[in-house]
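Paired with chain B in one complex and with chain C in the other, chain A is shared by the two complexes that follow.
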Partner chain A sequence: MFPELNHLLNTTPDKAEQGKLTLLCDAKTDGSFLVHHFLSFYLKANCKVCFVALVQSFSHYGIVGQKLGVSLTAARERGQLVFLEALKTSVDIFFQPPVEPHPLQFLREASAGNLQPLFEFVREALKPEDGGEAKWRHPVLLVDDLSVLLSLGVGAVAVLDFIHYCRATVCTELKGNVVALVHDSGDSEDEENDLLLSGLSHQSHLILRAEGLATGFCRDVHGQLRVLWRRPSWPAAQRDRSLTYQYKIQDKTVSFFAKGLSPAVL
Partner chain B sequence: MLAPKSCQILPTYAHLLPLPRFYLYYKGFPPPYLTPRSGHPNAVAEKGPARTPFLGLKAEYFAKPGSTADRGPHYRQHPLGSPCGSASAKDSIEWEGRDFLKALIKKSALCGKQIHVLGCEVSEEEFREGLDSGINSRVVYHDLFRDPLNWSKTGEAFPGGPLGALRTMCRLTDPRPVTVALDSLSWLLLHFPCSTVCQTLRALCHQDSCGGDRSPGERVNVLGLLHEELHAPGPLGALGSLAQIEVSLRGTMGQASAHILYRKPGHRPTYQTQWFSILPDFSLDLQEGPPLQSQPHPDSHTVLVDPTSHVTFNLHLSKKERETRDSLALPFQFSSEKQQALLRSGPSQASGHILYEPDAYDDLDLEDPDDDLDI
Partner chain C sequence: MAAVSTCGPGPGNRGSEAVAVDRSSATSFQRRGPRAGGTDGSGLRLVSIAGTRPSVRNGQLLVSTGLPALDQLLGGGLAVGTVLLIEEDKYNVYSPLLFKSFLAEGVVNGHTLLVASAKEHPADTVQELPAPLLDDSYKKEFDEDGCNDKTPDSHMKMKIAWRYQLLPKMEQVGPVLSSRFGHYYDVSKKIPQELLQTAKWHGFFLPDNMPSPLALEPGHLTHGYTMLLEFIKKVISEEGVDGSNPQKKQRNILRIGIQSLGSPLWGDNSCCAESGDSGHSLTKFLYVLRGLVRTSLSACVVTVPAHLIQSKAITARVTNLSDTVVGLESFAGSERETNPFYKDYHGLMHIRQIPRLNNLICDESDVKDLAFKLKRKLFTIESYRLRVPRSKLRNPGPHCTMGADGYRLHLPPDLSDAASRWCAQDPARATPPLGPGCSGLARGEKHLDF
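== the complex of A and B ==
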């Protein structure tokens, strides 16, 4: 969790908003630092987190999480974190006998199917425990990332439907949050990705967009972050609907500053 | 630049068209109805007639809601004789359309209409939020948000799915005037073929030809919300041609504007821009124009820098130099003074003569100066 980003978004782990879909997108740069931020943020906020990790292994997130002050292994053991490590479990589909609908069942289907098994997995993971008091606060779904699903043969509309159902269940019914990362292809004219990104942008309450600098790489400024608050648009009069900051990623933190005011330049 | 050419052509149109608003086209903008997707930021708000109707929502129409002569926003005399009306609002990521849709729903409800909402994108609680109880009682929300594709298989989903729900709206037996709000058309277009959606919308509009209990004076108004970025120009154009009114939501500097395109059968489409804002209770506050005072936008930290201020050579002209430059005659401009000078100069002047001394090898044959005739 990066304290400066919390300050920008005006949240703390104690008073995190509920029922929101946050869209993370990156263009010409790597926006995965935002995923690490939200993972550690929600773990520190004592929420039950379901993490669908499609691109990296558990140990990768564990190492970064340790730098940010959370232990993913411990969270998984105490039941706070449900981790779907797609890189490992995708092999099970092909080399193990099919027992039940596997979350990554779409890998086996020849035609582009829907993501209902994955949604069922998420719903099962985040459903409130019966009996007793709830140990955790609201549930959170994190997906890293959705563009990979397009490369794996799932259609953009199927991914949008999956997020729609996740939003209906996690945000509306369980009053939790959903955070998803999508890559913006930029110039490469990937229509499916553009459709996915636009469709998700319309559904989301908060959009964090990490962009590379227009002038290229820089040692002191790694990129620019644009924050757009969408819904509810009514309190827009009270706060800025859109903010732009530049950032530099350091070993254990990310520092944010206004455009052009990097400490290295001043 | 297109400007000089179009300024020559457009004046000829101006005297043919009696409508005063076309004088705005002198400014070099192409007629907007030829590029319906542009919604270009023409910040010149139309100062047309004093009571410019906003979507035809003139104040007096709401004073007499029962009037059959109500040429309200969604009313059109269909060529087949049955009245119908539809309007579509196109929004973008930055300028969201749902609040606008709710504001229009509120206006319809205040007219006494029953509103049926096909909700595919937001939950019922979120949609009803902000509308007061009187209006909420008139809104029937058909919930397609929770389980549109029947994944839960609990039997709660609509039979026939979303299209089935839309088709049941074609057979509404409510005798009161009805407004149908589709939230959103984009969801329908993504999940069903464009032709199916268009046919269903057309059937929705022509309910009395479907044989409902609707009397000829009653009409169904359809409001559709469309997200522009999600679709190719084809489906957008198809839906646009079905709609009588198309509203594109834009904005500059925190102020929202609606670019409205009216299509009346038998008439040229008309175009209007209206600046507005939506109040917390979802009433529309129409404004005259963009805010003239530009409060410093927090994002625009760019300071206008004069690029000629730090170069090592002088790019500026003093007043005297500017006058000298303006009064200079161009070398190849054939003015009357130059003409006189040329006429006066005869062979007696030495300037401009070529002096040539032929040497021994030159054979100046005046009949064959190039020496290439082979006779």
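== the complex of A and C ==
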């Protein structure tokens, strides 16, 4: 996790909020550093994490996690982390029909109607253990990323349904959090993606949007992060808060600063 | 910055490998070797396979793309386990050169090849691979075609500090003179037969694999794609590159080359689809391909006729599903062919995306304005900004408005009068709104660049 981002979001691993849907969005840049942040944040907060990794392999997250101070292998072994490595299992499921319902079953269908097997997998992974003693704090679902599901033949409505079901189970019933990454395609007229993005933005409590700079490539400032707090449940008296920062990604951390005040410029 | 760091350990590749080993033992950071799923149990080791080297930044295993300039731009080479997507130029003249250089590099290094095409039989493709240039003769090639930053002492052999002679000059996006990792190819000659005989390759030609009409495919991919995926999976397990047989002989890299993926010749109608929702064959294929490549010791190059794809949504999705994306834009048939600004070049090269593997940051080159040219024998990539020699500067014309046309200059403000001298009106008007330095890191609006 990045300490500066924790400052900005006003959270620490000890007092993480519960029951929230966080939307990570990137436009014209790569927002995967946010996924690494939340993964290590929730592992450090001693939460049970179910990570649906659709685009990268386990070792990728593991190596970056080590730089950020968490060991994914150890977390998986002690049961804190349930990792669905889609790249590896997609090959198996594509060539042979699965014996029992598999979370990635939609790969075998022409245009998948729903993501129910995937939801069942998540629910199974995050259900509280019977036997009384709770080892972990609230459960967390992390998805990286949802836009690739659209490329695999799943409709935007099916993805929205999936997130709705996850939110109902994880956020409301189990008092946990859901974090999902969606790419914003910008001007590339991807209607399904826009539908997904606006649907999710509407129901999220916190939106983190990583954008490329309007002026193009810069060596010292890698992009701009917009943080938008939304309180759909609160009465309209409280307005949504929004902050914008610019950031630079370094080897083991990301430094944030106010717009125009990059240390390279000052 | 990134360019310097990758050509730093240029002299002596073995030296760079040794450095990497020392670095890894100095930290408690356990670095894995190649990203093969089956080799998880073997722990820390640096695999020494011919024709590969670990990346300077994170120890990722790299192979050469066959074009040392492109290797430098991609941060040292193509990472094993990733997919490089090449967007073909309009008349498909130059992208086959990149494709064949990649395969030829595999032959020279002794890697196994897998060539798939719907148009040209793989046997013909393999026969037409370019011949590698031996260590000394490529220097002659560069000199013949008029390297414009020749210094008087470039021909002098250094006797005492001979290592310094191998260090490349910093300004050009030129060759890194390490002959063991990347090789230069003479595109006018074919690869010698004796080299080909030692090469091991597998070919997939679509017309030979046509279906029985009643077959039903999983995931409803186009039949050609399904057959190709099964073929690739079969070759991967036969060659043992997925680590399934740890007692097998010497490990080797599998180089996969797929030509013109997404074109109608594969039976895919992604080019004609108007929106993203009809036909997910191409995107599903890329996803499963990436899964196959990621879990084995292979590197894949795919060329896609991006100019045929009508829907921007599909282009964006295809870009997101690949690791590295490079685009070629040739000047043939456009008004830039006769533009004096581009007279030495045949087209532009765009690096659209570079992956961040095992890392928060990626190895992005600072050089953004890239153009390629096909000289008589060599295909090279250069930056077209830095090459104008002083002698060709015109008289001080009207002050060139920087920012109009998105004209970008790399000079600090005090040299702006020198810049305006070569910012003559006609070329400036015809130059494109120069793309923001798109490398996937940050893309901005079209006309503003600093």
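Throughout what follows, the second predicted complex is superposed on the first by the 254 of 266 C-alpha atoms of A that agree within 3 Å, B and C clash if a C-alpha of one lies under 4 Å from a C-alpha of the other, contacts with A are read in each partner's own complex, and residues count from 1 in each chain.
Just so we're on the same page, a residue touches a chain if its C-beta (ideal position, glycine included) is under 8 Å from a C-beta of that chain, and two chains touch if they have at least 3 such contacts.
What you see is a predicted model, and the numbers here were worked out from it, not measured in a lab.
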| item | value |
| --- | --- |
| Fit-or-clash call for chain B and chain C when the two complexes are aligned on chain A | fit |
| Partner chain(s) touched by A:74 [first = chain B, second = chain C, both, neither] | neither |
| Contacts of A:165 with chain B and chain C, given as first, second, both or neither | first |
| Contacts of A:134 with chain B and chain C, given as first, second, both or neither | neither |
| Of chain C and chain B, partner touching more chain A residues | C |
| Geometry of the superposed three-chain model: angle at chain A (Cα centres of chain B and chain C, steps of 10 degrees) | 100 |
| Which of chain B and chain C A:244 touches, first, second, both or neither | first |
| First (chain B), second (chain C), both or neither touched by A:107 | second |
| Partner chain in contact with A:116 - chain B first, chain C second, else both or neither | first |
| Which of chain B and chain C A:259 touches, first, second, both or neither | first |
| Touching partner for A:59 - first (chain B), second (chain C), both, neither | second |
| Nearest Cα pair across chain B and chain C, whole Å | 13 |
| Residues of chain A that lie at the interface with chain B and also at the interface with chain C | none |
| In the complex with chain B, residue positions of chain A that touch it | 114, 116, 119, 157, 160-161, 164-165, 168, 172, 194-195, 198-199, 201-203, 207, 228, 230-234, 240-244, 258-260 |
| Complex interface listing, chain A residues touching chain C | 28-30, 32-33, 36, 57, 59-60, 63-64, 66-67, 86-88, 90-91, 94-95, 97, 107-111, 147-148, 150-153, 155, 183, 185, 187-193, 212-219, 222-223, 249-252, 254 |
| In the complex, chain C residues that touch chain A | 1, 29-32, 35, 37, 58, 218-220, 229-230, 233, 275-277, 280, 283-284, 287-288, 290-292, 294-295, 311-313, 315-317, 320-321, 356-361, 366, 368, 436-445, 448-450 |
| In the complex with chain A, residue positions of chain B that touch it | 93-94, 96, 98-99, 121, 123, 125-126, 129-130, 145-149, 151, 186, 190-191, 227, 229-230, 254, 280, 298-299, 301 |
